[in-house]
Every structure is written in structure tokens, then in C-alpha cells.
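First comes the structure, then the notes that go with it.
Order of writing sets the chain letters: A, B, C and D. Residues in each chain are counted from 1.
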């Protein structure tokens, strides 16, 4: 499903943010990515979305080599990837409903489907009542859940979630992680970047630990390993 | 030090975000504020900074009634308060150094002091090397630490930190919380909003638990209580 | 907010454009009018017969470049001269001539051409006609007017062009700010999997709407003000009524409205396409 | 990026303003020149003595509104008439008069006033003088010119005002977009404890700098182009050289430069003060 071959990404001269990482994730896997602040987790996620280009190395997703992908094929690729950004990136001038619906409109779903799927997904993340609010009228945790709903609404093949519970209370965090697990069980490949030690240790999934741009540990049914 | 008398804040008709809260915090206290997503924690912090006006009730800080404070006295008041916003709010077009230095320039510190204090504070949060980066060149956790450095650099009387470790790994989070404790021990009154159950339980401070705008629990040396 | 600013800028620029367009057109038409008042005078040989004079007149009238031919008898010539030269205070002078018209021999045709540039050619032609003694033409007046005409043409084109360039510059400037404010929105859309087309669509529509509204407002305003302004000037400055003849509203707006709309929509469209494209590379 | 846009807008507007300011001024000066060419002609009673004529001349010259007095003898009058009326093809006509000048009695003074509006008063005065038979003045010409002058004055003021208003509108529009982009920056500053003054300071400075740069560029450009344009027009349209006399560069820019700079800085300043104030309420 996801293959990285000696991938590096350097923003500037010096120590690269991602340093010759090789990695394989199978279809249907659930992977936690953990690591210190600044160890390159978000950079990795951005590489997988083709938001960033690697400095060197090859990234292959679903048999498609991202490095050489034609510009006009990128949108199609991204539609198959659900993404939760660390900084949410909601559309400021649209309300919750429209933010989530946007992901569906992009693909061209008929409004009949949108009208059903969007409220459904909002209910899933516990925001059914806030559908009319603008992002700035939401609490931090609520914004984060909108971002999650947007990533889930299309039932993507791959879900990349960068710190999806950073602004959520433990109860909410657990529910969300449970939700991701369910989605994973239905076939979606899930990569979750998180700092939540408790959750990582509870869910017993594959854990990739990053340190200064390299993979320090990679364990099935792993535990959160501190630096 | 901080006194709230039946303070409410309603953004719109219906359920207020903060609902008739009365609260007293002594000078030099260290308080955790916990609660579900959307329970009104950030609203409370914003009320204390006078970013928001309460719908009803009286807020008194340091003997000054915020409700009736004259517009031109607000800047002076805010300078005595260090604040970490949940969404960081860094100045996008200034680098890390300037973002932190800004809090000192506002007060009119001589540049001699600024040149000493800013690098010192950046070292404290582990960002000494990144002083030249713009916010968008930082990882989520790094941005959060810049926000913290800005709040600390003036050694404020009161520190309000809204989710200061949400984007940090456990190790970093612990260090930061330890730092806040130290600062508290030097006399600063500290209010920390957090979802980090482990930290709350480790540090054994006063814990205020909010639920739907009201204070559900308020315990000295408390524990994180889930809904 | 930002669309509003774009519309306002668009409206202001097209207003200026329309204003100067009308002004310049009227001005050119005034000069054109003055130009047409400059003719040549054709004198005949002494003791020529009236039949011969008529023949010459017909020959001149047959030329395509001729607009008007006017016969001036010797008496008319003298009367005209007196009033031209002495105003209406010529009584004292008249005594000196009484029945002795000094211009007795000076019956003539006054010939006016459609286009001052054709005058020289016409003169050479008339000179070949039998019975023509002499042709007087005001070389200086003709040449001056023709030059003024060219100069005004140049200045008019220059002004219109400058206004056009400045307008385009200003509008695309505003549109580009307005869109760059949405830069992050555009990049979010693209990262969610929107195609360029999908992102661009609403912006292009917006550009067109901005163009239409931004053009319609000033054009409508000018349309209603134009006649009022003309009437006002003609009544307030009634002395000028004889030689200022405003270009009819229909004639100006027949051109100004389509040009204005095309300009507005075109700039709105091109402005948004170009600026969106800049932010699409995500 | 946004300051750049503000500077560009400012520059474009002040450029237009300066352009029309120079154009209008030159135009007014041409009309003024034409106006000064319209004089009155004073005829004397029959068989008047030269001494008396000189006396009248002195009396006229003594009037403050008089710009120039020119004596025209009878012979000169006839020569001038012939060339005025028949161009340089008057030989045939001359035969009819030979030594018999039809204007024998028509020596005159041509009197030019500084200001066409004073002409009527001067005429009434001259009429009271002893030995003056008649005064001819071209009422129509004087009145027309005076009206054209007023009209052009009106139009000029209207154009300059419209340009001014549009410029101010456009610039404050741009400045306000540019600053509203920084709305969140301003609110962050205020929440950190910055006073209004502290926040406003840099924006005001920026406004002033935008004003200075945005005014200096077009003013500098116009300054260098102005003389070139004048020379170009005068050589290219040399026929006009006699009655187009460009206003000297120094005279125009003595006023245009301070006005432009004050405008630029003023708008930049007021624009940023007003728009920052809107965002300061945090």
C-alpha cells in the first residue's frame, strides 16, 4: 500500500527533517507514528499527501509513484486519502457542514448523498448540533473533530491523521481512536501521528518511533517509547 | 488574586459557554483546569484576559475589576498576564526571536535586557537554535513552545496557559509542566488548561473540572476526573 | 469585503474611462465642426456669364469630397466684409464707398469639404476649371486646424490608453490582493483533492460578476448624467450653443456600454484567472 | 506584498492626477493666450490731428487694465484687410482700388486688455474721450472666449476634483485591504498588551512611506517626461508653435510636487490611521 524507499526531505541545508526513511505499510494496517516534537512526523505525512516533494528517495502509494505523478493526476490521488492536519486547516468562511461537504463536492457526489453522509459523519465525531457554526465559533477540540469528519466523510482508502486528539479530553480521544480503529477494520489503512502515550499503549498497534528524522523503532503491537 | 462572581458568557442565545461561575484563586496558586471539549475552558481564559466581556457577573484580578476597566488601562493590565493561546497566535511575519522579543518591546524594555532575556527564555523551552525561523517553518510543538516562551519572557504575575502541551510529546510535556511549576514557585499564579490526564495526576495540584460551562469539581491536590 | 473593494475599484476606473471617453469624443466633434467651417473661395474671371458660373458650380458640386457649395454675390460679399471687419459700427465707413462697391468684381463660390485634408487636392482641381480667376484659401487656418485635429487625436488616444492601462493595472492589483487573501483557502481546497478547475470556478464566476457590476454602476451613472450635463452646459453657457453641439447620448453609449462591459468582464476574468493560477501550485 | 500594492495604486492615481493637472493648466493657458489676442479698435473723428491721436493713446495707455496699445495707420489697415480677407491672392482686386485706399479715414488704435472681463468697462471709458468717433469690438468673440474660459475652468475643476475623489477612494480602498489583512496580527499585538499607539506606530510610518514613494515615483516620471512631451509636440506640430506656449515646467511642478506629496502622505496617513483604528478594538 505505502512504500518509502530511502526518502529524505531537507527544508534547508543541514540536518534533514526526514532522513533516508524506508518504510512499508500494508493495506489495512493501523500504524501509530510517535516521536519527539520536531522529529519529522508531520513532514512524513505531508510527503505522503504530496504536499511536499522529497529531496531524494521514492514514495509509492497504491502502486503509484508519487515523485513522478502528473500534476493533473494529483487531485484524484488526494481524494483517496483522508487527511487530518495538525493545524486543522478548515475553510474559514464556511460553516461546519460546508467544510465537511466540501470534501464530497470535490469528488462530485450527488447532493442526495452529501445530505445523508455529512450529518452522519458529524454525528460520528459528536458535532451534530454545531453544523451551522463557523470554525472561529468552535472550541479547539470541536475544530479538530470537524477536520476529522472531513477526512472520514469520503470513506478513504488511506487515512492520515496528524495529532487528531491533541486538543481533546481523554474521553473524546478514546472515542475518536476507537472510531479510527473501526474504520480501519472496514479496510482503511490508517496512519496516526500522536503524542498520546496512554492511547498508544491501550490500542496495541504497530508503533513507529521517529527520532531526528529517522525511524528509531518499528514494532508490531508496540508501546510508546520515550526518547 | 483572581475572583469571579457569578460570571456568565453566552456567545448566542441558549446554553452559555460559561454559566454563572464563581471562583477564587489565591496569589501564587497553581491550578489545572480540565474538562470536556467545548466545556468552556478557553472561554474562561479569554474572559480573564479581557479578550471577551462577560455577559453577566464580575471579574476581579489583582484588585482591579475587569468589567469596568478603562480602555486605555487594558494594555497595562495584559502586560502583567502571560498568555499561551490554544491556537498559538504567533505573528506570522516575524521570526521566533522577534515573536518573543515583541512581548518585551511592548513594555518598553531596553534592548540590552531583551538581548539577554529572549535567548534565555528560548533555551528554557528548548528552542535556542530555531530563533531565526518563521512560525510556518516550525513543527506544531515548536510553535507551541514559542507561544510559551512569549508568555514567560516578562516573568508575569499571572500565567494563563490554554493547552500548552497539546502538541508536545510526553517528555517535552513533562519538562514544560515542570518549568511552569518552577515559575509558580517563584511567585507567579499559574492557570493551566489541559487534557493531559497523566500530567494532572502526576503534579497533584488544585484541579478545577468544568462541565458544560459550570464547575463540576474543584479539588486541592486533585485528580483528573473524566465525565 | 474584498470583492466589494474590487467592485469599487473597477467602478471607479470604468467611471473615469467613460468620463474621458465622452469628453474626448465631444471635444473631437467640436474641433471637427470648426474644421468644417473653413472653406475656400473661388473667384471668377471678369465679365463672366452667369451660365458659366453655374457650370463651374456644378463641376465643383460633382466632386465627392465637397460637402457644400455656396454662391456669394458681390453685394453679399461687401456686406459680409463690412460686418466681419468693422462689426456693426460700420456706418461711418460706408459713407466713403456709397454705391461704389469695392468688391464689385468679387462674386464667388464658398466651397466646404468634408475632410480638411482633401482641400488641397480640390483646389488643384478647381484651378484647372475654365473661368476661374483665382482661389483664395486660408492656408494657415486650414493647416492649423488640421494640426490641432491631429494633436487632439493623439492626446485623446494617449489619454484613453493611459487610463486604460492604469485601470487594468489598478483593477488587477485589487483583484490580486483580494485573491491572495484567499491563498490559504485555495491551498486547503487543493490538498483535499480539488482540481484546478473546481477551485478556479467560483473565482472566475466572481471575477465576471465583479466585472459586470463594476462596469454597470459607472456606465449607468454616466448614462443618466450625460444628457443632464449637456443640457446644463448649453443653458448655462448659451453663447456656446452655436458651436458646441454635443454628441448624442445614443451614439456615445452605443460604443461605451459594450466597451465598458467587455473591459470590466475581461479584466475581472483575466485578473482572477491569472491570480488564482499563481496560488494553484499546491 | 500588500504595501507594494498600495504604493502601486497610490502611484497610478497621483500619476493620473499630475497628468491632468498639467494638461488642464496648459489648456487654460492656451485659451488665456487666445483671449488676450482679442482687442478693440478705436477709430478717430475725421481730419483729427496727430497730436490729438497721441493724446488719446496716452489716456488709454494710462488705464491699468490695458495690456497693449498699437497704432494702425490707414495704409496698414488696408494692407492688413487685404491679406486677411483675400489671402495672398489679392492682386486682381487691388486693381479696382489702385491709389484709392477705401480705408483712408481708418487709422486706429488696437487696444488689448489683460483680462477679457475688463473690456466692457474700458470701452465705456474710451467712448467718453474727445476725438473718438467709434469703437469696434468683437462682442461675439469676446463673449465666446470669456464663456469658453469659464466653461474650461469649470470642466478643469470638475476633472481635477473627480480625479482627486476617485484617487482618495481607490487608495484608501487599497490601504484598507492591506491593513485588514493584518487584522489578526493587530489583535494579537493588542492581546499581548500593546497600546494602540504602539500598534499604530509602524502602520502610520508605513502609510507615510507608502505616500512618499507612491507620490515621488509618478511626480518624478512626469517631471522628466513633461519637457520632452512639450518639445515633441512643438516640433511635431510646428504650426501650433505660434499659439501654443507650454507652461514652463518649473511653474507647474512648483505647485504639483508639494500638492502631490501632501496628497500622497495625507492619504497614506489618514488611510492607515482610520483602518488601523477599526481593528484596534480588541
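Going forward, contacts are C-beta pairs under 8 Å (C-beta built on N, C-alpha and C of every residue); 3 or more make two chains touch, one makes a residue touch a chain.
Predicted, not measured: the structure shown is a model, and the values here were computed from it.
On a Cα centroid basis, the chain most remote from subunit D in this structure is A.
Centre-to-centre separation between subunit A and subunit C, using Cα means, comes to 65 Å. Inter-chain centre distance (subunit A to subunit D, centres taken as mean C-alpha positions): 70 Å.
Centroid to centroid, with C-alpha atoms defining each point, subunit C and subunit D lie 22 Å apart. Touching two or more other chains at once is no residue of subunit B.
Within subunit C, no positions touching two or more other chains are listed.
Chain contact topology: the protein chains form a single closed ring, every chain touching exactly two others.
Chain pairs that touch one another, listed by label: A-B, A-C, B-D, C-D. By the touch criterion given at the top, residues 1-2, 5, 8-9, 12-13, 15-16, 19, 23, 43, 81, 84-87, 89, 92-93, 96-97, 102-106, 133-140, 143-144, 147-148, 150-151, 155, 159, 162-163, 166, 169-170, 173-174, 176-178, 180-181, 233, 237, 239-240, 243 of subunit C touch subunit D in their complex.
The touching residues of subunit C, counted against subunit A in their complex, run 184-185, 188-196, 198, 282.
Note for the complex: subunit A touches subunit C at residues 49, 51, 72, 75-79, 81, 83, 85, 89-93, 102-103, 106-107, 150. The residues of subunit B lying in touch with subunit A in their complex are 11, 34-38, 41-42, 86-87, 137-142, 144-145, 162-163, 166-173, 195, 197-198, 224, 226-227.
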